[in-house]
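Input: structures, listed below.
Look at the two complexes coming up: subunit A is in both, with subunit B in one and subunit C in the other.
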Partner chain A sequence: MLRYFIRRINLLVITFLIINLIAFFFQKNQTIFIETDGNWLSQYLVFVWNNLNGDLGVSSITGKPVFDELISFLPATLELCFSAFLLSFIVGIPLGTLAGIYHQHWIRNLILSVTMVGYSIPVFWLALLLVMNSSLLLGWFPVSGRYDLLLEIPQITGFGIIDVMWLEPQARWPALMSIVSHLALPTLVLAVVPTTEVIRQLSNSMAKVMSENYIKAAATKGLSKWQIVTRHALHNALPPILPSLGLQFGNVLTMAMVLEVVFAWPGIGRWLISSIYQQDYVAIQGGMLAVATLVIITFVLTDLFTALIHPLRRREVYAQH
Partner chain B sequence: MALLDIRNLTIEIDTPTGKVKAVDRVSLTMAEGEIKALVGESGSGKSLIAKALLGVTKPSWTIKADRMRLGDVDLLQLTTKQRRKVLGHEIAMIFQEPSSCLDPSEEVGKQIEEAIPCHNIKGGFWRRFQWRKKQAQALLHKVGVKDHHKVMRSYPYELSDGLCQKVMIAMAIAGQPKLLVADEPTTAMEVTTASQILRLLHKLNKLNNTAILLISHDLNTLSDLADTISVIYCGQMVEVGRSEQVVGNSHHPYTNALLSSAPKFSQPFDRKALLPGLPGSIPALQHLPIGCRLGPRCPKAQRKCVTQPKLKKVKGHQYACHYPLNIEKKVTVNG
Partner chain C sequence: MNAFSFGTMMCLSFLLLGCEQQQDVKKLGLVYCTETAPHTFNPQLESSMNAIAVTSRHLYDRLIEVDPITQQLVGGVANNWHISEDRLHYRFDLRQGIHFHKTDYFSPSRNLNADDVMLSFERILNSEHPLYILANGDYPFFNNIGFGNNIQALNKLSNSSIEFVLKKPDAAFLANLASDYAVILSAEYAQQLNDKNQLGLLDQQPIGSGPFYYASQRKDHFIRYYRHWLHWRGAPPMQQLVFDITPTSSIRLAKLLTGQCDIMAQPAANQLEVLKERDDLLVSVQAGLNVSYLAFNTQKPPFADVRVRRNVAGLINKQRIVDSVYLNTAEIADGMLSASSWAYRHQARSPEQDFLVYPYIEKAKQQPIELWVLNEAKSYNPQPHKTAELIRNDLVKDGYQVNVRLFDWEVLRRYLLAPSVNYDMLLVGWSTDNSDPDDFFRQQFACEAVEQGYNYSRWCNGHFEQLLDAATTSPRLADRVRSYYKIQEIIEQDVPVLPLTHALKMYSYNNSVSGITWNPYGGVSFSSAYRK
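So, the complex of A and B:
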């Protein structure tokens, strides 16, 4: 396990260095790089060292340090991504399990066709449709923003749902409701693609597990179908797909950036896109580094988590050496 | 009264080429505390019988029988819920390839505990956890596992095949079933491990009076263990009798061929001599011959064999053959 851990951390470090290298050359081609003495290698090392210390430079437009801006914008995006992932697991796991159990059955075909439709709808278009119908026409949800403009929620952690705790007791509940109702639509739209991914992968993995011998053996022990699925099938089908779902995080983050523009969500996506319009290269580079690092860290963490909870994964690790 | 009474069990399987009669009118009776061996080649339908018995069937199978009773339970008329109650309490099954029949991502101890029925619990609910653990340990001791701490904390992939089979047996006997169905329990095991497992089954049979239906293809090893032997070929019962009758005085050419195909080391062999065996191979289920299904391969087949022989009974020894072997002339009535 320790060996596996070290290998994964190794992967993390190397990928981080490569991303830094790309950013470094990107910066060298722009003329904004402040020349230091020495050759490329020492310049690169200084660059990496600065990045590790959170010194990503100063934005040429706002004049603030990029790192501080990242810290203030990133939590809003992460909040969106986490809630979307949560929703996709809540919806995807039961549906994927159903589709996996009912092999060659109309239920499976129905679920997988709906999944295909959801997968192929462009996200921004779905967002606009939902805003048009449920916000403007029916008035169920607010159109845009993170919370009511009347509220003044302190930025402690940056995650609105947690920051509410620092408000006065009588203001907490309405503030929380405001945040949740603002979060609902973007979460719904953002969750569509990861949900389809969860359903697709889980149904395949589930169908494979359900044809295994130990499921048949469990049936002869007198367990009901429900017991077999919850006790034996699900905890063999779910962990193997976790790493590939972790990879989906990058995909979701990209979509979140598009959605932030549609919903005027004050997150890193909107900030990055406006930086691109303003040709604020330092900010673009800092944002890119932060997002890429986040994606790798998520992938490595899900991988390690899988190895922790799933003994078969550990066996594969041992089998390699 | 017989513990298990199956009369004329027929299993048909839907295949793309039409319905196939995989098991054809098989009858099977077992007394309480009996060890019965069901012997046949692979593909002869012996596992199908076991699966039909336990009700783990596929939608493409049609199962018909005149009678299928276990004690006073009619297995044909059970609802799913009733069947789940019967499974584990009255009848349990162990499989071939035991390591693939245990949940790979759960500790073995947990799986044994799951198999223990909670109705005979003693003491309050707070002692339930400890009680289950004790029971699981006792079960492991019963099947001859001494190092229960280590085994209970291992995952199935960390245990050997023989140990996995012992765990499977421990789980099967947890509900103290009257009938234990063992579907080729020793395939792909070393000879010493296999004999250990068979000895264990024998011990369980003697101690708990558990009836055992032993499904296998190895006639010679089973002959010492089993009280009665049924030989099945292509879904048809060809010979049934006490084991010394079937092995010592086999009437059916197929049983005879099975026995002679095992090498006897008492006589010297020629160098590179072929083992005696029947010509040809077991027919595909889509192309079964009419009449006696052994017909095309049988050395004694004659014209009459295109009609299916009925099971004839001589001194409790049944055989389905028009031209039986090892039998005195006057018994083979002029028909």
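So, the complex of A and C:
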């Protein structure tokens, strides 16, 4: 496990350095910083060192450190991504399992074709459709924003659902309701693609597991289908797909940025897009670095987590088949 | 009653309690959906009218005000003023008992007095003032109208009166002081910040004496103000005023429809149909004192040649712009001033074009023309990009080559201030800040404004400057009107710009809100707004 751990951390460090290198050359071409002495290698090392310390430069528009701005906008985006992932697991795991069990059955075909449709719909279009129907026509959800602005929710962690706890007890409920109702639509839209991914991957993985001998053995033992699935199949089908779901995080983050514009969600996507309009190169570069780093870290962490709970994964890295 | 149903009841009662509280918050709060956040909370430093609408009328008071209905000057911080015979000395007597905001970062120990007025203007006039240095002397409005150039002295006569001494008479002086830019800051607060070495916060964490005070903000999300209980006109009925920053116009409309916003500025023309169908939404319409125009860069070929400017000006179909961009919520502009200004002069429509082929026109058609456009909606032009495309279409039909480039306002400002500016045409516009036409012409056509980047056509005309000065110094309105007529004639002949449209000024709001004051110049005011 230690060897595996070192290998993965190695991957993390190298990718981080490469991303920094790209950002570094981008910065050199823009010449937005005062050139320091020394050759480019030492400049590069200083650059990496500053980034590691959270010194991403100062925004040329607001005059504030980019890192501080990132910290104030990132939680809103992460809140959206986390809730979307949660929803995709809640919906995706039962459906994926179902599709996996009923191999070559109309249920599987139905689930997979619905999944395919969901996968092909552009998120911003779906978002607009939902806003149009469920907000404007039916009035179920608010159109956009993060919470009712007349309610004062302090910004402590930046995650609205957690920050509500700092309010007075009688103000907590309405604030939480407001946050959840604002979160509902963007979460729903953002969850579509990861849900389809969970379903597709899980159904394949499940189908593979269901044809294994130990499942047949369990069936001969007289266990019901439900028992087989919950005790044996799901347990073995889920871990192999975790790393590829971790990779989905990057995808979800990108879509979240698009959705933030549609839903006027005050997250990092809107911040980056307004930085692009204002040609604030320092902010764009800082934001890109932060997002890229976040994506690799998530991937490596899910990978390590998988290896921890699913020893077979480690074998792949040692090339022992 | 078992434990379960007891629990359910408790939960329900909590929910109801919550709802009740939410109702209260809703009743005492107002949400204004706006497209942009201000870069500073000090209107003296701001040039965008949209940004000023968020700050000036709510946070600050002015020496004098324009009555929104009669358009006469009335007292503000100054309860009366006296003008000397030679029209060079303006004495202002200040109202007693005006309280500054008390917030968690500042509590005032005294009421507003002459020191505060002195500080507010000295920071603009005195180039050695620490605040002047801090702001780089960049006071867009005051610099453009040449405010400092005409002031001989600013004297404190007593604790409750001050005096401006002018170098030459200026008919527009009082109107300038009544504009949204001429706000009164707190000298005590500035002193306090100076002691802490944080003077820069003066313009970011504002203290004024207006009906609301600054509570908090989240960048690109919202700005929150609270009611100022001790406001000298009486506390406003609303406890909270929140500005919801939503850049997309359709989302602002959607928020208004679902009740997330109470008021939005400048609904797009194609949204009016939707608004008309709703009984609970009202639209306030005023004739706009604004103009959208196409500025020619007169310092650079091909438009350094007035004949080319005239040719291009004659090709553009203004009616089509009014029809398809504004959907008839604007008037075709004959001149820079709209008909609601007292200096308006009815002009003939653009002259007929002759279709002879001149060598200089042919030459202009060889090179592509750079047309620069803002990529955001402004009060004078809801869809600048579309307007630019229509203009391009008109010109391309006649053989010109046009490249349209879109810019964010901040970026455009930066380019305009750069020493080498290489646009050929700029699609911009202007909304007036006060009732006097002087400000309108001086800010956009004075030679001084070329360097400041507000003279978009970079046009500098000696005769024009003379007339402009004559217009401000003459005491009789009839003489002033005559000068402004001539000024408009010169612009018409020399075509540094082609005026396109005067947009109507519109707000849409929920009918549960009453008492909003619509100021013809500058933004709305909520000091007496309440919810029915």
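One rule holds in what follows: the second predicted complex is superposed on the first by the 313 of 321 C-alpha atoms of A that agree within 3 Å, B and C clash if a C-alpha of one lies under 4 Å from a C-alpha of the other, contacts with A are read in each partner's own complex, and residues count from 1 in each chain.
Simple rule for what comes next: a residue touches a chain if its C-beta (ideal position, glycine included) is under 8 Å from a C-beta of that chain, and two chains touch if they have at least 3 such contacts.
Predicted, not measured: the structure shown is a model, and the values here were computed from it.
Engineer: After the subunit A overlay, clash or fit between subunit B and subunit C?
Structural biologist: Here the two partners, once superposed via subunit A, fit next to each other without clashing.
Engineer: Check the residue A:Thr293 against both partner chains and state whether it touches subunit B (first), subunit C (second), both, or neither.
Structural biologist: In the superposed model, A:Thr293 contacts neither subunit B nor subunit C.
Engineer: Applying the touch criterion given at the start, work out whether A:Gln279 contacts subunit B, subunit C, both or neither, answering first, second, both or neither.
Structural biologist: second
Engineer: Report for A:Asn204: first if it touches subunit B alone, second if subunit C alone, otherwise both or neither.
Structural biologist: The answer is neither, since A:Asn204 touches no partner chain.
Engineer: Scan A:Thr220 for contacts with subunit B and subunit C and give back first, second, both or neither.
Structural biologist: After superposing on A, A:Thr220 lies in contact with subunit B but is clear of subunit C.
Engineer: Is A:Arg231 contacted by the first partner subunit B, the second partner subunit C, both or neither?
Structural biologist: first
Engineer: Here's one for you: vertex at subunit A, rays to subunit B and subunit C, all C-alpha centres; what's the angle to the nearest 10 degrees?
Structural biologist: Here the answer is 160 degrees.
Engineer: Looking at subunit A, does subunit B or subunit C touch a larger number of its residues?
Structural biologist: Counting contacted residues of subunit A, the larger count belongs to C.
Engineer: Please give the nearest C-alpha separation between subunit B and subunit C in the three-chain superposition, to the whole Å.
Structural biologist: 28
Engineer: What residues on subunit A touch subunit B, complex-wise?
Structural biologist: 212-214, 216-224, 231-232, 235-236, 239, 310-312, 315
Engineer: State the interface residues of subunit B toward subunit A in the complex, per the touch definition above.
Structural biologist: Within the complex, subunit B touches subunit A at residues 54, 56, 80, 83-89, 92-93, 95, 97, 100-106, 114-115, 155, 157, 168, 171, 175.
Engineer: Any idea which subunit A residues touch subunit C in the complex?
Structural biologist: Spelled out, the residues of subunit A in touch with subunit C are 61-62, 69, 72, 131, 135-136, 139, 142-146, 148-152, 155, 170-174, 177-178, 261, 264, 266, 270-271, 274, 277-279.
Engineer: Contact residues on subunit C for subunit A in the complex?
Structural biologist: My answer: residues 14-15, 17-19, 21-22, 25-26, 29, 31, 216, 218-222, 224, 240, 242, 244, 246-248, 251, 254-255, 257-258, 260, 375, 408, 410-411.
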